[in-house]
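Structures for review follow.
Shared between the two complexes below is chain A, which has chain B as its partner in the first and chain C in the second.
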Partner chain A sequence: MAQTVYDPPVSTYIPLQTITLGSSASSVTFASIPQTYRDLVLVVTVPTGHNSGSGVVINSDTDYSSNYSRVAMAGDGSSGSSFVNSGGGNPTANHDLGALRPNGQLIAQFMDYSATDKHKTILTRAGGAANDVWAVASRWADNSAVTTLVFSTDGGNLPAAMVLSLYGIAS
Partner chain B sequence: MQAIQTVTVGSGGQSSITFSSIPDTYTDLVVLCSLRSNRTAEVERLTFRFNGDSGSNYSYKALIGTGSSKFSEGITTNGIISYAATGNTATANTFGNLSLYIPNYLSSNQKSTSQDGVFENNATNAWQNIMANRWTGTAPINSITVTPDFGTLWLEHSTATLYGILAGSDGTTTVTT
Partner chain C sequence: MAFSLALLGASTYEVPVALGSYDLLATEILTGTSSSITFASLGTYAADYQHLQVRATLGRSTSGGDMASGKIKLNGSDMTKSHLLRGYNGSVNSYDNTVGKFTYAGTGSTHSGLVIDVLDAFSSDKNTTIRFLGGVAGNSEPFVMLNSAFWDNTSSITSLEINGGGPSFTENSRLSLYGIRKAA
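What follows is the complex of A and B.
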């Protein structure tokens, strides 16, 4: 067995901020995001018991009807399904990234977030082994660079012990 | 993300790939694999196990697309499974590929993982799967083993790389509730 060990290691996920909620909260805001990376990755770990959709507001843009869209596919263990702009877990107050499930997780990649000449694409994987699994492709119809992200849920507050980490991906 | 270790299977193959003595200095782990087994079939199912636990302590929900159909499944198993490896009747030099993301691997809670994988055989057969997985173990993960479920060996040139991801603050970005 041949093994290759990289020494020194090379880092590509640059940690920007992480938070572990000590108590429930209505939302988590990442602000003053540096414009020096190619992509952003948001990793959310969901504690036992929480079950809802999730949402993100970019740069305080709350024009959900015009500026956010998505296509999603999901599997619940017995059948597969696909939605465009609606469907299971679609929140009414913010833009859906996918499901937050007990003992589950959500990983969202914001592509080319600092560009000022294109709409922004977000690719998300989400779900939990006891419920379902989701893949979501979203678009924010704005050419502005992403400087703030507000993450929330459509099912009440974000629960205590939820962990949210934001990373920058260097090009 | 820092590369911790890469295993490349040599001539003669090997029955499993194991990362052990995983350092406790990261927040998350990622495993990237490129795998082909000696199973006499086009596709191989594989299993990840944490800390040597082969009990029925794992579960998943999967969404799978085959190029012509889709289906979903989810059961309790004795490992984290994936359909993202080729067997030995697949076109020569084709390997299945997958990414397994393990957040908070040092947590004293159950561990959730997320997986993307694909096996593809020269446009004649393909499976793509996304999965949400769970291991009910509450111990920190210190070893990861991946084995073929039907074949007995990973074949030469199969690879697996373990990465560590460290959370933290860059001193610029702010986070508030």
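What follows is the complex of A and C.
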């Protein structure tokens, strides 16, 4: 278990793709994601007027009841709450990374997305200052490397002017 | 209608731009269990970097409950104080500790995610604060946590230890150290 020290250090946190929606869309796809990084970071900014949950489908896997689960923690200014969605619950909630609030943001960290020896854990912070704040841990129960992400909402469309940026972090 | 850049024929990944402010410094992927991992000789980074970040996926080696309390040591010393906000199995709780504790879990293919930010790591005029985001879902004890820890010491950081706190980290656990550069 040797530790690799990079000398010189390796510049990373590389912007891979940014999508700005010119009109509403049911989903956004990041396809053929390169496998040369260790983690992915997805940054989503939400325009005024949109308020929904989010959803992610990995590698076209729609077996929500078996392969997607999450634990969420949220605070709305008066109380905190936590809930778990897994194993045959609401399929949208199972793969919901966190809330998409008006003028809000969502930042999801896909840890070890290119590894093939572990399930994929996703850490997300989300929310909007006028609504609530979220922290979510999600898991895709599959050892496969992530090659495709499809981002959507729990109903309706993603709005025009939403911006989604994907970054790669090497290790 | 689904939206994809492929529809526009756009080139997406061919020319990533390296801005050069966030650097990979070191990585360790465990080939066996380990009770702790230390990133040492960090003083060599003091001239070029302002902040440090650790990104990790961690499994725990021992049975008897999934969640474990790891801790952070700076320069070989425990942190002075920490506060943890944790969502766990339907409730939100907060705890304080006299060392820099964090929660991790996961057996088999399941690993916790953990991101640690060490702010102003090489400052010698203020105490050091670190913060954590971590969690895992779908195991027997799913949790998500936000945590901060305080080190009542103004020394520049020379080593950072991530300690399993009793249980060991499993084979295939991964820990990487990154530096965020100072302004020129």
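In this text, the second predicted complex is superposed on the first by the 151 of 171 C-alpha atoms of A that agree within 3 Å, B and C clash if a C-alpha of one lies under 4 Å from a C-alpha of the other, contacts with A are read in each partner's own complex, and residues count from 1 in each chain.
What we mean here is this: contacts are C-beta pairs under 8 Å (C-beta built on N, C-alpha and C of every residue); 3 or more make two chains touch, one makes a residue touch a chain.
The model shown is predicted, which means the values in this text are computed figures rather than measured ones.
In this superposed model built on chain A, chain B and chain C take up the same space, so to speak, and clash. Contacts of A:171 after superposition on the shared chain: chain C is touched, whereas chain B is not.
In the superposed model, A:132 lies in contact with chain B only, and not with chain C.
Shared-chain residue A:104: touches chain B; no touch with chain C.
In the superposed pair of complexes, A:43 makes contact with chain B only, with no contact to chain C. Contact with both chain B and chain C is seen for A:80 once the two complexes are overlaid on the shared chain. Once the two complexes are laid over each other on the shared chain, residue contacts for A:17 go to chain B and to chain C alike. Of the two partner chains placed by superposition, chain B and chain C are both touched by A:31. It is stretch 117-125 of chain B, out of 45-53, 117-125 or 135-143, that runs into chain C when the two complexes are superposed. Looking at chain A, you'll find residues 1-6, 9-17, 19, 21, 25-29, 31-34, 73, 75, 80, 125, 135, 158, 168 touch chain B in one structure and chain C in the other. Put simply, chain A touches chain B in their complex at residues 1-6, 9-19, 21, 25-34, 43, 45-48, 73-80, 101, 103-105, 107, 125-133, 135, 158, 163-168. Only residues 1-6, 12-13, 16-32, 34, 37, 39, 55-57, 59, 85-92, 109-113, 115, 133-139, 142-146, 172, 174, 176, 178-179 of chain C touch chain A when the two sit together in their complex. In the complex of the two chains, the chain A residues touching chain C come out as 1-6, 9-17, 19, 21, 25-29, 31-34, 38-39, 69-73, 75, 80-84, 86, 109, 111-112, 115, 117-119, 121-123, 125, 135-139, 141, 143, 150, 158, 168-171. Of all residues in chain B, those touching chain A in their complex are 1-10, 14, 27-28, 59-65, 70-75, 101, 103-104, 109-110, 112-114, 116, 130-134, 164-170, 172-177.
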